[in-house]
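Shared between the two complexes below is chain A, which has chain B as its partner in the first and chain C in the second.
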Partner chain A sequence: MSAAPKRDSYDVVVIGAGPAGLAAAANAAEAGLSTLLLDENAGPGGQVWRAIASTPVRERDHLGADYWAGADLVDAVHASGAEIIQRATVWSLDRHLDIGISVGGASAFVKARRVILATGALERPFPIPGWTLPGVMTAGAAQTMLKSSALVPDGRTVIAGQGPLLWLLAAQILRLGGRVDRILDTTERRNYLAALPHAFAFLTSPFFAKGLALMREVRAKVPVVSGLSELAAAGDGQLASVSYVAGGRRETILSDLLLLHQGVVPNVNLAMAAGIEHRWDDRQLCWSPVLDQNGNSSVEGIAIAGDGAGIGGAAAAVLRGRIAARAAADALAPAAAARFAPMSTIRASLAQAERGRAFLDTLFRPAPQFRIPSGDTIVCRCEEVTSQDILDAVAIGATGPNQLKAYRRAGMGPCQGRLCGLTVTELMGQARGKSPQEIGYYRIRAPVKPITLAELASIPKTEADIKAVVRG
Partner chain B sequence: MFKRSDQDNRPPVQIFVDGAAVAAREGDTVSAALLASGRDVRRATAVSGAPRLPYCMMGVCFDCLVTIDGVGNRQGCLVPVAEGMQIEIQKSKREINR
Partner chain C sequence: MTRHVDAIIVGGGIHGCSTALHLCLAGMKPVLIEKDYAGRHASGVNAGGVRQLARLIPEIPLSIRSMGIWERINELLDDDCSFESHGQVLVAENDVELEACRARVAELNALGFTHEELIDAAELRRLVPAVADTCPGGVVSRRDGAANPAQATTAFRRKAAALGATVCEGVPATNIRQRDGLWQVDVGADSYAAPVLVNAAGAWAGRIAADLGEPVPVETVAPMLMITSRVPHFIDPVVILRGRKLSFKQFANGTVLIGGGYPATPDQDRNETVLDWRSLAISARTVFELFPVMRGATIVRAWAGIEAKMRDDLPVLGPSARHKGLYHQFGFSLHGFQLGPGAGAVMAELIVNGGTQTRIGDLGIERFHPSISQS
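This part shows the complex of A and B:
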């Protein structure tokens, strides 16, 4: 499975094998298009269906029906004839639809007639004091270990933050016999009022009943503290305690593991490196690509599906994947495309799947103090740049994230801004009295993941390529 | 910090962490195996030498950087364990040629 691509060009290359990518690749291949599906992980499923083909969790109820819903799509993509490469690092994509891939320590380029980006989401940065300490992880990290290795928290465990994933994770940990000592809910009380106008759509969406059941299950076993206004982790080289303020009262509890989560945001690095236009989304507080109703981006031939197109969840991601594949088939194989469900039907299903999203976005809008830190709290984990460092740089003339690199190296470490970019944009915007859109984002360039010189050197070369650089 | 569920009956895989034998399971990533081992597997950052452990486990944060079979700065959360794999915990900056 980890072999190099069999061909040097494809009709459709899909990047990412989560819900959107699996659906897109299966549909494209079913339409008779030569299709390559590239994925970074050891197996298909993305994050929501991670390790679906290999999980050691045998009690199916422990992971829940939404997890196993991915199995049919994995079967479909295997049956579709799409070529699938796992453990592939896509490190470059440009406007000519040339794709740089590393597999098993060697790199190659493939060319596509259409690219469907399905790079999904990552967890929003949660820059509180002490968030770099060993023992502080994301909720998603704990869930990844639970799904792929049946590992559950063992020591004194605190889960802090907000959003549906937090409750799902707590329930899964408890079902597998793990430990959760306390849940600290950071949802702002005023958000409940703000979300009210969207409540009807939410109450009639599947999110509501599922969410309520999960919260009941967890609350029966774990103390929950709501209305947090402050949160910090402390310890000497290792997490020792978590302190918080709720309802005006400060409390400190001993802890071995703190799991943080305040929602997910699009993983934009590859799309941005390809030159795709993004805009600041004020409701989801993140950068989202500018797309037409078929998912087509500002770069001809590249569509984006799934949470990378704006957060919508797994069910919406599948449908966006189908829409992007259908659009590719309409362009490249119209006769075959006519056999599939009409675009209008898929769009109607998508509208249904997106019901309740506005409510969730509004209710779980992270509070400013958990997005925009102050003082010596680290913003850029890689280069260890604090909030005050960034404000100092602004004071002497740094105008935006790209200038900031020259002052403090923020965003120049191996994660390439994934864990600091949103924070830097909002922090600099606040300091300079400008909107995130005006402040902008890091200019992302290939390689979007670090690769070795040996991997670059292994790219197949023609006689002409060699002659162009070799003397004599 | 983490324990294995009783449901897990995957076959064992032996890896070596700074020379010491560690029992992992087939399908574990390097980072998961390290966190499950109970050993002190904190790396030290290249910038200040501060201790870190994996943060995101999904390939985006790079706090799981580790030397695998002599190659430095690999993302441990993306690499599955293999029998006899040699893992070294990175202490501060990467060395030339590794």
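This part shows the complex of A and C:
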């Protein structure tokens, strides 16, 4: 499954094999379209169904029914005839739908008539003092280890932050016999009131019962501290303690592992590198692509499905994947498309799956002090740029993230802003009294994931290259 | 509302910003109009080469003038622009190329230029130890170097603003017209009027010139660059090849910039470029062959800035051949960054004094319009 692509062009190329990508690839191939599914992990599933085909966790209850639901979709893709390449890194995509792919240390290009981006979500940066210390990780990274290798923490473990994934991870760690000493809940108290208008939709959504059960399960075993107004990690070269303020009281606890999480945001780097227009989403506090109701972006031929289109969760992602595939089939194979469920039916299901999302977004809107750091807290960890460094650059005339690159190299490391971009936009916006939309974002450049010079050098020559050299 | 100023400069690249600053130093109050932000395009994203080496002869006097300013850039701008002078080296990969280098240096010497120096294999190895053993020599320009292009461009903008220039960013200059001996330009809801208009609009300058009746043979290009992850320090000077398209520079932090002029496809109306990875692969192969130390490095980012290239690869610098008060400063054809400080100084002299000591006679727009005389 890790060979180079069999062809140099496809009707549909789907990037990412999480819920949206699996659904899109299965449906596109079932419609008779030549379909390539590219995924950078060892197996399909994305983050939510990570290692679905290989996890050593055998006790189904430990990961929950939502996790195992992914297996059916993986079977459907395998049966559909879609070509699947795992461990494939897509490092370039442009508006001509030329796709640069690295597989097994060698790069190749394929062309697509349609591209469906299903690159999912990333964890929102959580830039508190000490967040770059060894011993501080994201909850998502901990969950990856848990799903892939059944590894759970056994030292003094603190989980801090908010959002559904936080509770799910805590429950999974406990079920697998891991240790959680304390949960520090950063949800702002005023958010409960703000979310109230959306409560009815939430109470009647599937999120509600599941969320309540998870929280009850975790609270029975772990002390939970709510209403944090400050949070910091400390230690000399390694995490030693976590200190926080809750209800006006400061407390410090010794800790070997701090897991941070305050929600997920769309992983937009590949879409932005392709030139797709994005807007600042004030409710989810992140950049989201501008899409029509079929998921089509501002670049002709590229659609986006799943959490990369705006956070909606796995069930919504599957449906958005189906919609994007259906739209591709309508355009490229209308006769075959007519056999599928009508678009209106899928859209109705999507509306159902998205119920309760507004409540979650409002309730778990991260507090400003955990999004926008101050002083010598690191913002860009690749280049070790602090909050104060960024304010200094603003003072001498940096108006947005792209000028900050020149002044401080922020965002110029290998992660290309994945770990600092949102923080930089909001911090500069606050300093300049502008909205995030006005401040803008880093211009993302290919390679979206680094490739070696040797690999680029060994891309096969084409007829055109030889002519270019002669023209020189 | 129409605001009266001493000069209107269209374009916030290093050229427009440098001219704005030099006009301020001469006591004028210019307005600088930039549709995006200063340094958004080629001026902010080029390779940062501060190079007299291997220039076309008609622009050498301007380049030498500029070099003098670069060497005191901190005094001028209160910002060092990260300028470093470790020389620039042109590498000959074989004896035929070395002969061409020898002829070039002899030609320059005959014209009285001494900044380029022929070097043998031993001196090349001393300057660039990592270069392949088969290279027989080359040319060095020892005072050359490199600077941070976005930092330098914004430093010019900042100093110009501090000395009284009005800087308008984020709004294009539109409806450029001459009325009652004054140039008038709309900027959003505002208008500016001045006796002097400087066209320093880079890739967009050809349209302005054409709209004002002075079309020139110019195309929009986007030379590609890529940068690597950090590798151990192995090279000080900027290196360019005589025979193949490649330029190469290692920064103090260890990252390596690889350029050489293969073009991306520009879309100037979208402010976008589409990279050509198959051409970048050729650059990668050249580096792979020439600098074995680079083989394990990773490519972190590639990009291209949009700029103007003239048919004869020479800039258009000087007064209009048609209109009083109009000056052109564009078309720097992939090698304008180093010229920015000097060209701004020269432009201010042309505007304020009506002439300059720096020889720029071959760079005027009249070379494309031999029959037109100023109206």
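List of remarks:
Operating definition for what follows: the second predicted complex is superposed on the first by the 466 of 472 C-alpha atoms of A that agree within 3 Å, B and C clash if a C-alpha of one lies under 4 Å from a C-alpha of the other, contacts with A are read in each partner's own complex, and residues count from 1 in each chain.
We adopt the following convention: a residue touches a chain if its C-beta (ideal position, glycine included) is under 8 Å from a C-beta of that chain, and two chains touch if they have at least 3 such contacts.
Quick caveat, the model's predicted, so the values are computed rather than measured.
Once the two complexes are overlaid on the shared chain, A:Q47 sits against chain B while remaining clear of chain C.
Judged by the touch definition given at the top, the superposed model places A:L285 against neither chain B nor chain C. Looking at the shared chain after the overlay, A:I346 reaches neither chain B nor chain C.
Counting the residues of chain A that each partner touches, chain B and chain C differ, and the larger count belongs to B. Of the two partner chains placed around the shared chain by superposition, chain C is the only one that A:L453 touches, whereas chain B remains out of contact. In the superposition on chain A, A:V14 contacts neither chain B nor chain C.
Of the two partner chains placed around the shared chain by superposition, chain C is the only one that A:M412 touches, whereas chain B remains out of contact. In the superposed model, A:T399 makes contact with chain C only, not with chain B. Comparing the two complexes, residues 413-414, 450, 452 of chain A contact chain B in one case and chain C in the other. For chain B in complex with chain A, the residues that touch the partner chain are 1-10, 25, 27-29, 32, 35-36, 42, 45, 47-48, 50-63, 65, 71, 73, 77-78, 80. Across the complex, chain C meets chain A through its residues 37, 39-40, 44, 148-151, 154, 157-158, 169, 228-229, 244-245, 253, 262, 270, 272, 274-275, 277-282, 284-285, 287-288, 294-303.
Here chain A touches chain B in the complex through residues 40-42, 47, 51, 54, 56-59, 62, 87, 122-123, 132-138, 140-142, 144-145, 148-155, 176-178, 237-238, 256-257, 267, 381-384, 413-415, 418-419, 450, 452, going by the rule given at the top.
For chain A in complex with chain C, the touching residues are 92, 94-96, 98, 100, 109, 275, 396-400, 402-403, 405-407, 409, 412-414, 416, 443, 445-447, 450-454, 456-457, 459, 461-462, 464-465, 468-469, 472.
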